[in-house]
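Across the two complexes that follow, chain A remains constant while its partner is chain B and subsequently chain C.
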Partner chain A sequence: MEATSEKLSIDKKQLLSGLRVAASRIPLLAWFLGGLVAVALEQFIGNPFARGIGLPKVPVLFGFVIMLKKPFLIPSAVLYVVLIYLLPVAVVARLTAASMNRLAAKLLDLKMFLSVILHLLLFYAVLHIWAEMSDYRVLVLKLMLIAVMLTLSLNIINGYMGEFSCSHPGFMALGAYSASVFTVWLFADDRLFGPALLPPAIGPFLFPIALLVGGLVAAVGALAVAVPSFRTRGDYLAIISLAFMFIVKSLIENLEVVGGPRGLGNQPDWANLPVVFATTAICIWIINNFVRSTMGKALNAVRDNEMAADAMTVDTRKTKILAFLFGAFWAGVAGGLFAHVLRYVNPGTFGIQKLAEVLAMVYFGGLNSVYGSIVGACGISLLGEALRPLELYKWIIIPLLLILVMIFRPTGLIAFKEFDVKKLVQPKKMAD
Partner chain B sequence: MSLLRVEKMTHYFGGLRAVHNYELAIEPGQVRGLIGPNGAGKTTIFNLITGIYQPTEGKIMLDGTELNGRAPHVIASLGIGRTFQNMLLWRHMTVLEHVKMARYSKLTYGLAGAFFGTARRYQQEAESEEIALRLLKMMGVEQVADQIVLNLPYGAQRRVEMARALAMEPKVLFLDEPTAGMNPEELLQMMDIIRQIHGELGMAIFLIEHRMRVVMELCQKIQTLVFGEVIAEGTPEEIQNNPKVIDAYLGKEVVQ
Partner chain C sequence: MVFFQNLINALQWGSFYALIALGYSMVYSILMLFNFAHGDIFMVGAYIGFGVSTALVSLAAMGAFALPGWLILVLTIIISMFLTSFVGMIVERVGYRPLRDAPRASAAITGLMIGIILETGNLALLGAERVKFPSLIETTTYDLGGVFVTNKKIMIVLVSITLSFALHQFIRRTRWGMAMRAMAFDFAVVPLMGVPLNRMAALTFALGSALAAAAGILFGVAYPVLDPYMGILIGWKAFVAAILGGRGSVVGATLAGFLLGFIEMFVPMIFPSTLRDFIAYTIVLLILVFRPHGFFGEAYSARLRL
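Our next item is the complex of A and B:
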């Protein structure tokens, strides 16, 4: 009996390592192609297939919600996920691995930029087709991408720079409100701001400027925190930044011009999926560029030992303030997008709960790592949506998970790992 | 004219006079030593010259530029490189990143380069990587360039710190007890490295050391510091035979 179970576990181990080796030879392009086939399959036969195996409709979030709501449907939901997603992805990825490897190599030889663009387009196509099945998916996806930006921008301050800043919801609120005021005032007929000043047709082209305005206003707000508080370190910055968050919140609550506590609505519907996706991609690209340069690495030097950084010609004060403003800028941009995705903001959104959410994403995913931020933001947002049927118990399970991560991986799931785009898009080596 | 000149430098920590009327003149290419019992104020003098503390009185000149009142990173980029007694390394960074970091003030690609990855940035980063690798090779630690520095043995960490200080291309190199905690074999290697830096780069070196053998063999001129005051200055032979120095180190002979 024991012998067989031992043998079984050995077999399992071999199977797992075999799978890992097989997966390591498949380039990203092939995975995306597999994803494309899977989502196309769902588009065409998803509904009839789901009904055929007893599901009420296509499971929106990989069946998690259905499984929790109606436990007796678990086998059907699992079957659906395996047959519609896992199997097609695995088969297509495996079959096209060789040709995609050649293509990736050719693209990389030609120009890395082209290769990255092709990857992004393919990835976007997968997401777009997947999201087309329901509005709920579109919203979840948009909020998830915004959470990625927010987490990444907070990781600059809390992870790369090693300070503990709590003012991120404040920066987000500044960005959300200033971008909203910009678009509503200029392009929308509104109760608060009167008729549109410019023809709404040119609006979508000026939307990047609205986001930029949001980011810059947030950065100016950050300067107000940074200048007094960077004379101190550690706990003091945490307290000052927390105070800043509350100041921003109550400031907006008392500003009747932007609607006060009732909030501000009527934002034009410009933050569609491609816009959010592109902004997130640009955000990741710029932040990753920054943290991999010597100027960005200076943040790590300041965090690990400020005296040594100073002695090695690093202007520590400038470095810290710059990183703080940079992080706040992207929080502002994320806030601007957030306001235009929901098309309504109120000051209550940007409170302590938002802060807890972002901090959880940063520390869950991993400090000092772009990968970590992406994983943390997607993980926590997906988990939050998937566990929604549990209602109150959701707020027991997610924190519990966080505690476990903190115990077993104190710096987060994927901490201190460089995000090397070239490694991602390059062909994987074939069987040797 | 001397390369580094300190005139009548005095420093108080509250009511405690840590350094009193300290004078120093380092010529280009000279190796100077600073010895003294524990707590004499040697590291304080390093910290005063490199700007970590501001001297209460006195004037510090490097190559015609006054250093008083300047921030530590400015003084460093003007040409004073240093290592620390207790090795201040960055615990999450690799060896290569350490050495490249010291090129910070030489980079001119600015924020645009950092954010958008311009051609200029990649060219400058490649340049500083080349310099860093050359220095790591000189220190004999180039094969661990991609490792996290805290995983290295003690002696190798010391070398990385030295390479980092050299990457700034300083005019004067300050070494704060470079052989602290080393065994005799590592000590000999470290002395060879210091000789090599002096020989190949012709750099002026200012050295704090506890081990007499190191100072006596390496330095051309030595100062002895006791309670913040220089009690003797001269060549190694002069210092070795100076009765005041012997008193300070061994105590006075008590005749019964």
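Our next item is the complex of A and C:
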């Protein structure tokens, strides 16, 4: 009896390690291809299949919502996820692994840039087809990507530079409002700003400029926090940044020009999925390069010991101001996108609640890590959506989870991990 | 006249801020971290006060004992302070003790999350309906030459000043207070001298929470409608006051609490009242830019462990 159980456990171990080895040989390209097949499958047979196994419709978020709402549908939802997502992904990835490895190797020889572009295109295709099934998925995806940008930009200040900045909702508000004013004023007929000044047809081409304006305004606003940071650190800076957040919120509430507390609506619908995805990809790329540059190392030096960094010829003032401006810039861009995704902003959005959300994402994912920010932002947003049927209890479960993460991994799930693009896109080692 | 009227109101709001700020400041001086759940402990304190006073009132109504309203209020304050101190100790045990050696920002996150859990837990337990604090004492209004003062306002200011003074004396004169001061002086060595670190931390949280509960009940007396999110804004403002006063300074926190009350009350006298937050926080920001360590805080020291 004992012997068999032992044997079983060994078998299980072997199976697991076998799976791991198999997975380690599959390049990213093959995973994406598998994903593509899975979402295409869902597109074609998702609805009839879901009805066939007793689900009312295609589960929008991998069946989590339906599992929590109607527990007796759990087997069907699990079956759906396994048959539509997991199985096709695994099979296709395994089957195409060899050819995709060769392709990845060839692409990498040719030019890494090309390889990355191809990966991104494939990834986008997967996301696009997945999201096409419902508007809800599109919205969740957009907000998730924006959350990734926000988390990354806050991680520059809180993780890489080690300050506890609470002003991120403020930067976001500045970006959201200035980008909105730019687009609404120029391209939309609005109660507050009058008729459109420019033909709306050229608007989408100027949308990046609107986002840039948002980012730049946020960066200028960040000076109000960056300059005091020369003289003070830690708690006092936290308060200064908190005061900044309240000031921005209260200022916008008092500016009747932009709608005051009623908020500003009517933004043109330009922030579609490709735009948000592209902006997020560019953001990740630039921030990743930034934190791996000399400047990024200087940030870490300032965090670990400001005086020593100063002695080692790091210009601490320049470093601090750059980190704040850079972080705020991307927060502003994210804010601009946020305003155009929801097509309505009001100052109440950018308060303590938003602050807690962004901080939770940063510290959940991991400090000082691009991977961590992505994981944290996606994790918390998906969790928030998946637990939505629990209503109130969602706000007990998520904080509890975060407390547990903080207790067992005080710096977050994936802290201090380098994000290496080359490692991601390179072919995986083949079996001998 | 308006000036004096505002002065009274400022004193009242300053009392709330001061009592809550004391909790932040004490925890900071011992553990070098801010208890971000403190605003919500204030809320819990107010609700516990609500429960205790309702129970006492209904007991009195059933004829168990006959007590005047003010005595019930005093009893409520004492019992609720006692009960809420346990909430503070639990928060410390669950959220802060495991994180004592972690980066301080992690503890800040736990604090924030405990705050959310307290709010939501309250909402889940009691429902979304706002509860009304029972009115225990009659409002009498005194007319002092055009300035109207209610007995409640006087009571609030007096109780808060008494409690702050009592805390000050506790820290100055008792053995426990001495241990707290020693701990604030050196966090690393003093535990080696036989001062029980965990017990001190629990005590600090208990004291801070008790004061927050007192503030919550006084708040309930002045503004009888309680809701689960009432602690957020007032908590953050008191946090600002604690920083303005200088970390870990009891006197500073009290004074800064009152100062914040004054700023908030007097700004609307001169500017439109919608600009209140804007101007109040601009003043705070300017003070911190020019005096980065608050009024009574020590200068940037090597003790900061971030």
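Everything that follows uses one rule, which is that the second predicted complex is superposed on the first by the 421 of 432 C-alpha atoms of A that agree within 3 Å, B and C clash if a C-alpha of one lies under 4 Å from a C-alpha of the other, contacts with A are read in each partner's own complex, and residues count from 1 in each chain.
Heads up, the rule we're going with is that a residue touches a chain if its C-beta (ideal position, glycine included) is under 8 Å from a C-beta of that chain, and two chains touch if they have at least 3 such contacts.
Just so it is clear, the structure is predicted and the values come from calculations on it, not from any experiment.
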Which partner, chain B or chain C, touches the larger number of chain A residues?
C
Just chain B (first), just chain C (second), both, or neither: which does A:Ile282 touch?
neither
Once the structures are superposed on A, label A:Leu110 by its partner contacts, choosing first (chain B), second (chain C), both or neither.
neither
Quick check on the superposed pair: does A:Ile53 touch chain B, chain C, both, or neither? Answer first, second, both or neither.
neither
With the two structures laid over each other on chain A, which partner does A:Leu197 touch: chain B (first), chain C (second), both, or neither?
neither
Touching partner for A:Val314 - first (chain B), second (chain C), both, neither
first
Touching partner for A:Ile247 - first (chain B), second (chain C), both, neither:
second
Common interface residues of chain A - those touching chain B in one complex and chain C in the other
none
Given the complex with chain C, which residues does chain A contribute to the contact?
158, 162, 164, 224, 227-228, 231-236, 239-240, 242-244, 246-247, 249-251, 253-254, 352, 356, 359-360, 363, 367, 392-393, 395-396, 399-400, 402-403, 406-407, 410-411
Enumerate the contact residues on chain A facing chain B in the complex.
286, 289-290, 293-298, 300-301, 303-305, 307-316, 322, 368, 416
Quick one: in the complex, what on chain C touches chain A?
28, 34, 94-95, 98-99, 102-110, 112-114, 116-117, 119-121, 123-124, 232-233, 236, 239-240, 243, 247, 272, 274-278, 281-282, 284-285, 288-289, 292-294, 300, 304, 306
Residues on chain B engaged by chain A in the complex (per definition of touch):
50, 52, 71-73, 76-77, 81-82, 84, 88-93, 97, 100-105, 107, 109, 111, 113-117, 121, 125, 128, 164-165, 168
